[in-house]
Amino acid sequence: MKKKPKTPYKEFLLQGNEAIVEGALRAGCRFFAGYPITPATEIAEAMSVKLPQVGGTYIQMEDEIASMAAVIGASLAGVKSMTATSGPGFSLMQENLGFAIMAEVPCVIVDAMRGGPSTGLPTSPSQSDVMQARWGTHGDHPIIALCPSTVRECYDLTIKAFNLSEKFRNPVIILVDEVVAHMREKITIFEDEEVEIFNRIKPNMPPEWYIPYVDTPSGVPPMANFGEGYRYHVTGLTHDIRGFPTSRPDEIDPFIRRLFRKISQHFSELQFGEFYETDDADITIIAYGCVARSAKRAAIDARQKGLKVGMLKLNTLWPFMRTAVEKVLNTSKIVIVPEMNMGQISREVKRVNKGSTKIFTINKVDGTIITPQEILARIKEVG
Amino acid sequence: MPEITKLIHKYLRHDKKFPHVWCPGCGIGIMLGALIRAIDRCGFTKDEIVLVSGIGCTGRLPVYVDFNTLHTTHGRALAFATGIKLANPKLKVIVVMGDGDAVAIGGNHFIHAARRNIDLTAIILNNSIYGMTGGQYSPTTPYGMKTTTSSYIHIEQAFNISELAVTAGAPFVGRGTVYHAKLLDSLMEKAFLKKGFAVVEVISHCHTQFGKLNKMGGAVEMMQWQKDHAVTVEKAATMSEEELKGKFKIGVLVDKELPVYLDEYEKIRQMAMSKKEK
Amino acid sequence: MSGKKEKKTKIDIFKGWCKACGICEAFCPAGVLARDEAGYPYVKFPEKCISCGWCELRCPDFAITVYKKDKDFKEIDEEETKNTL
Amino acid sequence: MSFRYDIRLSGSGGQGIILMGIILAEAAGIYEGRHVSQTQSYGPEARGGSSKAEVVISDIDIDYPKALKLDVLLAMNQKSCDDYYMDLKPDGILIVDSTFVKQIPIARAYQIPFTRIAREKFGKEMVANIIALGAITKLTDIVSPKSMEKAVLARVPKGTEKLNKDALNAGMAEAIKARKNILPFVRSEREDEDT
Amino acid sequence: MPEITKLIHKYLRHDKKFPHVWCPGCGIGIMLGALIRAIDRCGFTKDEIVLVSGIGCTGRLPVYVDFNTLHTTHGRALAFATGIKLANPKLKVIVVMGDGDAVAIGGNHFIHAARRNIDLTAIILNNSIYGMTGGQYSPTTPYGMKTTTSSYIHIEQAFNISELAVTAGAPFVGRGTVYHAKLLDSLMEKAFLKKGFAVVEVISHCHTQFGKLNKMGGAVEMMQWQKDHAVTVEKAATMSEEELKGKFKIGVLVDKELPVYLDEYEKIRQMAMSKKEK
Amino acid sequence: MKKKPKTPYKEFLLQGNEAIVEGALRAGCRFFAGYPITPATEIAEAMSVKLPQVGGTYIQMEDEIASMAAVIGASLAGVKSMTATSGPGFSLMQENLGFAIMAEVPCVIVDAMRGGPSTGLPTSPSQSDVMQARWGTHGDHPIIALCPSTVRECYDLTIKAFNLSEKFRNPVIILVDEVVAHMREKITIFEDEEVEIFNRIKPNMPPEWYIPYVDTPSGVPPMANFGEGYRYHVTGLTHDIRGFPTSRPDEIDPFIRRLFRKISQHFSELQFGEFYETDDADITIIAYGCVARSAKRAAIDARQKGLKVGMLKLNTLWPFMRTAVEKVLNTSKIVIVPEMNMGQISREVKRVNKGSTKIFTINKVDGTIITPQEILARIKEVG
Amino acid sequence: MSGKKEKKTKIDIFKGWCKACGICEAFCPAGVLARDEAGYPYVKFPEKCISCGWCELRCPDFAITVYKKDKDFKEIDEEETKNTL
Amino acid sequence: MSFRYDIRLSGSGGQGIILMGIILAEAAGIYEGRHVSQTQSYGPEARGGSSKAEVVISDIDIDYPKALKLDVLLAMNQKSCDDYYMDLKPDGILIVDSTFVKQIPIARAYQIPFTRIAREKFGKEMVANIIALGAITKLTDIVSPKSMEKAVLARVPKGTEKLNKDALNAGMAEAIKARKNILPFVRSEREDEDT
């Protein structure tokens, strides 16, 4: 993302949720359909105020299923669209999320994570929808999921989410925990800053030549919006390159593999995170979301105590940041993965662990944030 | 070819395999003809039509016609359509659904779209059963009939789809049958031209499942039944309660003016923009 | 062949799409059509045809076409609708 | 060493605790250019109950966003006072709304009847939180009165500017009075907050 | 204590913390009182009552009372209740829902429970807004009002919950307000004793959200509004259309006999068993 | 499961779906709520015929969400209950599935797997809901999932599913692929055979003493049915041992951990599968569902060709059969995991792989079954 | 104390549960109640009480109890309902 | 060596192909005590289209449940004949309904007009599948006529027993006739089916 920060700028004290709204609007989002739910409601509320100001549309649907459907519909009609929910609603969105993947419709879904399972702890933070974001809808499929740790990242990653979604014609999920969603921090937005905005690539051939699901070098076919003269068929059935349903194995196989390839092929473009003093670290903490903040504090404190501790912050959760994780697995003796769940990302770390690095976890599921002290204690315990 | 058939062919997808997927004699094909003729008469261009469906035999309809077509998930067509219409109000968005699609799994979206009075046309092919999955009972299966999941007897009461639409707030509701194909043309035409949420309930037959299980004969016999049991609204007005027993009304059931969602939303935009400017 | 002028109504049945459902024959108000052994319709009494076009409208498979001399469907629709209800 | 200052504002739902947090954070963050992080917690998804807002102020990026050991605790009711006073640093400041907090758990506390003042002086209980903000301003010096005033005025409904300015000033005045009634102590403002 | 209060206390859960979670003056508490009195009058034992709710402020109700209580997911209470009733028909199953719970996310379950005529009582507290999540518009928010997601103005039409229930097939539908607390007692009593799907719509107020956003005052003012705008069914019968404008009816709106699901299903069991024996 | 096969017995030619119905009825299932969907519809159809014959109840709900809800309701009222669906419906059931986990309500859910994502390939087989079964609902949670390969296993595992569900008060998922669901095989049922049937443990203390969510040595609290005099509160909110909502970390943490522990503690009771000539195998194929049949054939054929190939069939997919897999990882040089998805169980195999065993995959997503030939070819390729 | 016989209607307000919402006072048809400075209700004119019991029925918090001499709610309900609509 | 016999029955939806598969499987499995596995595939969730049923018969547990190389292919329409004849073993048996299958792709095939016979002899197209089962019985010897008859009678609707028995017999008679019109070949019935 190129930036030429210039005055005039404005400083705001924004909630994570509000920063997501600002990021979305900046990215060009002009449609929001949702259904209120703690701790994501502020996103809907802010959208209901701001979207009509910029000529966009806010609608509160009858439930989350309808919200996800409306978002896909709006995107097919050419408008960048988004919804926001929390666990219970995210579960309900899964079927239509799969539709968006299958039909390759760009859209952004925010899941503000609260304690689960079920109604759980509506107002407490958690990080337990990480695996759901990857596997929640039926049928094998690729997904992109980003996770902010700061209010600024809420803004930046939301813009990225829209860009990636438009670029890869895949839904992008923003997993924000309740702490970050509700936290207020100062963020500086330069009114005329240049933010790279990516818009879906439209077909430039005559309509008769348009093949809506054709393979391309990038794996992503150009996308025509409804009403622009490229009439084609969109379906959740397995389809051929023209978009028509097919059950021919020789058409299905390349199609499904292309869905995966268009993401895997651009793996490096999808990796966002931060290495904090990991180069010489004996112990590396791998963390994300609000916990990454505690982890950094713990690393700083540990260094002060003379321990070589580093931190890898993951801002991309899916596709899993394999390369970055392998890098710290190669250099660190011990990796600690603190998470506000029973161990979701730590499973992935174990999966890619080839060497002899020891992997320890800190799992907290009681609705409270993992503190720097808890991480420090674990460092002392295992170090 | 004479004009009318050329007309149908003008709208069919040349690159799709015909004959279509439906059983011999299925009413969905008849409805498709009416839909095409009505669109043509209204003078919409192909590019401005978006035809949306859910899942089911009826849900297979859009793939055959050369519009912007969208085959969504089961029951959710109206919610997808809502997004399309709000995102691009210039598009004419038409939604076709089976009875299961529209009022079983999709019942909530149906009453809410009606309540909001979103500018969409909802065409519901009511064949009293789930055709696609092989003949299970639907919310419109009449009491006492047989289906593969009510093989003893069906004990539930059926929805009256049109009445439900009216109560939920739809300003235009019409009902036809596939037997009365020309009435269908005109109902659809009126519905397409209506501003707001317009519903056309199309009484059809699934002889393959419903007809077979209930010994009602084939497509011809079931269309004969439609002929025998339908009464136009005009004629019904002259009939007694007694005479109307066991019959159902066809024609325009309701046509009134109510504020349309998008016009209303425009007001919000105006308010929002003027507030922002201050 | 829309330009072609014909004296009599002509009915074309496109066998490739016809599924032999029998609807056209059953509801032809003038008894013009009949069905062959395999159930496919054919025009048995072309002279009886009253050009109502109902077979075409009710064919679920777009397999039947009625070529009419001087009327076109658009004009007669409304009227016909009333008559056949 | 970097400086970090942890404040917790607490009371019951309806006392405007969260708004206080926002105003305090904006005063320090926007009007004084510091790094701030403001968090809060509600009770279960429901109404009423207790309310808590935290503001962390620092001169560098704030990692852990919630309050750790407290430099300041404001307790607007008894329950929150009981629940949280243990989190205070040894030299942390306890400020209570003495309208509601009758049992003071530690020797040194500023007791100001914010709600009573609001009721009696302004006829609006609603402004108790602004009065409390005035007191915090004076008792902590963590933000200047000027910044605080700007922050308050930016957040209150149009037409209530005067009322709120007066309330803020009343709070500052009360704070000065209150300071006299408390045991003296020395607080090293920029010490190492290693927690 | 006098009988009535002893009565309430007989049904409250001693091990739950009181006062309850609702805002000062919220109508949900009033409804809870009516519910308890009506249950007591009907003579049900605590063990045979199952009280089911969804999610929302209203959804929090069951936890306070000493029955078999079930706090389900948002909108699904009626579907859970259907399972309970069919599995054990001896239980008296009562469902309490907010308007969002019942007719936003739960709208489909509502019309289908009505259509099937399952023997359940559905009590809907209609406060025109989503209370629990902080005041967003609901399907019963009247046109022109303000909520946190329609801060300019609300542009949608509201459902008439009671009418929807009637059209969907409910044999008993009553409406009351929390102001008219004794009417609530009697409506609930009638609903509990009704065989089949019985609906009681309880008009209430959420002064914390709806009242505040729309400058309608507090609980007292909003209850005064209820008093001023409600008209009994009996009185309404004597009033002109003109006079009824802006008013709503309270009392028993519909009470008729329709075949009840479980009785009907018993027929299926008989058929099935006799078929099996052969 | 003890069995004393005695005459009279009966042989049936049953579909997998039909065998599931027979197993469910044998296990005591008396309530079914569902919504038709290919390839699970036969289960609903057979239930609609058979349940009323035994005094049970069949109801077709308005959708899958309602079906899952009704099943939970019926189970709370004391009746063993079940539903059956396929991918799209399974996605819709996720929210209420989480409720059943949270409230500890026994029930059985059949997911007859067809091709995905989205509407996908409604009539073709697939194995791509394996990870969804584990992670589909929001919030971290434990699950049990079984997977039959034969019609007989459909019957047996369905009985096991009910038993486990009743025993652990957790929903149990049966993942059956379309091949097995629709395949007909002969199965012999002894009319008077003794099948171990487990019924939920009911409280035997007086109602005043009943603590519905108390911890016990097994981790599973006794369960009172509605209407039996033990009035208590059931909620999807995080609750204390009395069932009342709580947000106290000290109450939540032990509760959530108990949910996991009641399963993990009984890990060995939950492992069903088959080792086929794995002891001396250089190459072991790990497979499940219909693919295990091809795998066995491939192993037999390979042995005939002189290759030391074995097979581990997994009938339990969750909790993952770690011990069994580790066993073959320890003895085999190569492990091949053929799956009709892009690699879901193979991820788990990689996760638990500590040694130097090479893991290869065969992934097929075109709607056709993996054949013995394809597995053989892979064996030759990597062997 | 249900056994206790009292001559006059007595109203008990349980402050522990009362949230000072004001409903009882606002709708008391006889003006029996008043509110203190903090908004809590108290019985100002006990002699005016007509034993209608509405304050008790409308209290959302079960915080108010009306002890009546010789009537009980069950009997007067129906009548009252009509009168107050 | 174990014995395995792979049969595919194919045609269009509505010809009763699946029922044939079930009856054949029951004849071999239930009435002759062998191991059987019967599978099928439909077209997309929709109506009409083509239909396919497979029966694998063995004397041991059947691992791979679908037909591999075919011992028998029954094709009740042209399309299925064209699509599947390549899957036949070199000595596999092709049986076609010559009412519909006009182009025979391999030299040796049994051509019997099942549907025409059904129509002409029984006045019911419906029984074409039972006639075909009769033919299969005679042409393959994989099940005895007696077992096949039992299997048919157990599956057909009450009241149609006579009709179906006659149809089955007609099929067997036709098969004997057809055998005469075909090139002779030797089929080793229990050979090693290693595929």
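When the chains are written out, they are named A, B, C, D, E, F, G and H in that same order, and each has its own residue count from 1.
Simple rule for what comes next: a contact is a pair of C-beta atoms (placed from the backbone, for glycine too) under 8 Å apart; a residue touches a chain by one contact, two chains touch by 3 or more.
For clarity, every value in this text was computed on a predicted model and none was experimentally measured.
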Components of the interchain contact network lacking chain B: A, D, E, F, G, H | C
item	value
Pair joined by the larger number of C-beta contacts - E-F, F-H	E-F
Between chain D and chain F, centroid-to-centroid distance (C-alpha), Å	54
Distance from chain C to chain B - Cα centre to Cα centre, in angstrom	26
Shared-contact residues (touching 2 or more other chains) in chain F	38, 49, 52, 62-63, 65, 88, 95, 99, 118-119, 122-124, 235-237, 245, 247
Contacts with 2+ other chains: residues of chain C	none
Multi-chain contact residues (two or more partners), chain B	22-24, 26, 55, 71, 73, 105, 107-108, 112, 133, 139, 150, 152, 265, 268, 271-272, 275
Chain F residues touching chain B - in the complex, by the definition given at the top	35-38, 41, 44-45, 48-49, 52, 58, 60, 62-64, 88, 118-119
Partner chain B, residues of chain C touching it in the complex	1-2, 12, 16-23, 26-27, 53-54, 56-63, 65-68, 72-74, 77-78, 80-81, 84-85
Interfacial residue positions of chain F with respect to chain E in the complex	30-31, 33, 49, 52-53, 55, 57, 59, 61-63, 65-67, 69-79, 81, 95-96, 99, 225-229, 231-237, 242, 244-245
Residues of chain E touching chain F in the complex	13, 15-16, 46-48, 50, 52, 55, 62-63, 66-73, 76, 79-88, 90-91, 108-109, 112, 265, 268-269, 271-273, 275-276
Residues of chain A that touch chain F when the two form their complex	65, 86-88, 90-92, 94-95, 98-99, 101-103, 111, 115-124, 126, 128-129, 131-132, 134-141, 235-238, 247, 249-250, 252-253, 256-257, 260, 341-342, 344, 347, 350-351, 364-368
